[in-house]
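Starting off with a structure, shown below.
Each chain gets a letter, A, B and C, in the order it is written, and its residues are counted from 1.
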């Protein structure tokens, strides 16, 4: 019962009162506008699913040939992954500095506090994705773009022109759209957020954030199944890209990282001394 | 002034965050070294070393962390560079203000002197953190990469890129100037965090501010001005702050342009910092 | 309730903060920890609260070991140095938020606790506008409002005016009369002598002397 009350407190303080979420619709709309221009250059109108795919488009697999013209990090994609990291950055540790110790001793168990924070972290990711999906839908609605899960081949060609897309790209089912464009990126972002929280617990929030940003940047460059940021990069998914990363194993890896982070954090927090003069740096 | 400056410099050098930033920077730059090691192994496996055309592609001047060859280590390093610059000491003003320590300094000296000394110390901290990692990278790469000159044909570098002529004619001077430019840039970024601490309510946010600003401005430039991509100025010069110091960029970043941008940014940062700092009631 | 410290020691970065402390504490008493700054009073109280784990030895609450059988004492009111609350909430809102967790205190108890420490429950000011003395009083109200069995007070009279000090002393006496165990740390010798039934003197993390009411 106390756990639920703690969760309710965390959801209210950590999500409802977090103004950083306002950046999410703003950045999503800017990305969608860029997508609109991109599709217009190919004489395509796209659908809601196409616009959503663009938000997590990322970069195709890097090779020596593609590098000959220089490498630029995919800023849109990096921002889409760094924003949730920023939103969930230091709430637990800010909480410990204020009312946290009072809530902690009344919760009865240290693990309860940690699990509540993990639940908050997961809910933050859900809220983040909900805002992205909603913002894309509103954008499509305003521009009279069909709000459907269809992925016309022409639009897919426009979006992934630099990658080796297969013929399956134009025949993706609604279930696949849900899986590839929403569930897999969601699981990757959730795993990254949880990892950040764990490293923030072990070191400090700033270093946890730095490490997470480094992981995201590395994932933009290196296509590896162990860099989980790759699963938030739709351009490297095997559903419609040749030699893409396997989505199902990606989901398992992300869920694995999520649970390992939660479990490791619980073990560490159980034995950690709670010093009230906590520092962010 | 001298005493307050020495005091600030002592605090800066003794700050554990400076050490952490240097260590993390070195660790990231080590990724570049490891990649170069595998690159050389691959090269030696498939080619004869002596008098083989293309050997210059292994040149340290092409492959170190600020070289034209893009590697994971370099990408990560320059992406997190604003963080590495801000972590060492840019939070110190916020901390001192809120702990009341700043009052102790102010009653013993002039506010102007304190602010200037703080600015200098923060500037130096950012530069030291980043350049130490770059020097470490260069020295570590020197163990595995040849110190030979390279050519435009092999590197892809050309006119319009940062100090590109010097890279092929006087590479040692090129490296020195790169380090100095990076020092200046990192120092400016650290001071950006210092300015943010005058406006923000949290240490974390003020340290993240330079990174957020850079990522945000790159995002906005890519997202809001696509229709101006053909415009003469924006199409010619590198507008993304995250790419500005790269040896190889998609758009031009000649030295005069880079130095002008840096100097302009530093001037704006200093003016805002000074005016706000003098106006701010610390007591 | 009984709190037992058995051979408790705490070392942080090779520095011994608490050294082989043995204590038996019982409900219905006021225990004072006396010592100079840095003697280890606060660290000892944090270990009793469960916020720190001893490097050696055990802290037991009614036979249950902290950190093993339970994480925190089941009924505890905590006032540690520099208490902090949510800046944009009033005192009542802050206490209501904390009370929601265990459901032990209703609005009446919150108001009563605030009155007892000299704060106005109808004050609309947010916590960030409070003076240091008001923050201190709110911290004490937070410690007592759920009528806990154990009350940990670290330097409760700091930054308080004369009236505030009197109120806090009255609070401590009434909590003891209610049957709670009150553990307070202070460097004010006279205050401790007037309030505490037993005073432990701590030096270099060790209990060097114990004086109770009979002596």
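In this section, a contact is a pair of C-beta atoms (placed from the backbone, for glycine too) under 8 Å apart; a residue touches a chain by one contact, two chains touch by 3 or more.
It should be emphasised that the depicted structure is a prediction, and the values quoted were computed from it without experimental measurement.
Participant: Which pairing of chains gives the most C-beta pairs in contact?
Facilitator: Chains A-B share more contact pairs than any other pair.
Participant: With chain centres defined as mean CA positions, report which chain is farthest from subunit A.
Facilitator: Looking at centroid distances, C is the chain farthest away.
Participant: What chain is most central when centres are computed from CA atoms?
Facilitator: Of all chains shown, the one whose C-alpha centre lies nearest the global C-alpha mean is A.
Participant: So how far apart, in whole Å, are subunit A and subunit B when each is placed at the average of its C-alpha atoms?
Facilitator: 27
Participant: Please work out the Cα centroid separation of subunit A and subunit C, and write it as a whole number of Å.
Facilitator: 43
Participant: Measuring centre to centre with CA averages, how many angstrom lie between subunit B and subunit C?
Facilitator: 49
Participant: Residue numbers in subunit B touching 2 or more other chains?
Facilitator: If we look for residues of subunit B contacting two or more partner chains, we find none.
Participant: Could you please specify the touching residues of subunit A with respect to subunit C in the complex?
Facilitator: Against subunit C, the touching part of subunit A is residues 2, 5-6, 8-9, 13, 97-99, 101-111, 270-271, 273-276.
Participant: Contact residues on subunit C for subunit A in the complex?
Facilitator: My answer: residues 12, 46, 49-53, 67, 70-74, 76, 78, 80-82, 84-87, 94, 97-98, 100-102, 142.
Participant: Could you pull out which subunit A residues touch subunit B in their complex?
Facilitator: For subunit A paired with subunit B, touching residues are 27, 30-31, 33-34, 37, 67-73, 75-76, 78-79, 82, 86, 89-90, 94, 205-207, 209-210, 213-214, 217-218, 220-222, 280-281.
Participant: Hey, which residues of subunit B end up touching subunit A in the complex?
Facilitator: Of all residues in subunit B, those touching subunit A are 17, 20, 24, 28, 70, 72, 75-76, 79-80, 83-84, 87, 91, 156, 202-204, 207-208, 211-212, 215-216, 218-220, 222-224, 226-227, 240, 242-243, 246, 248-250.
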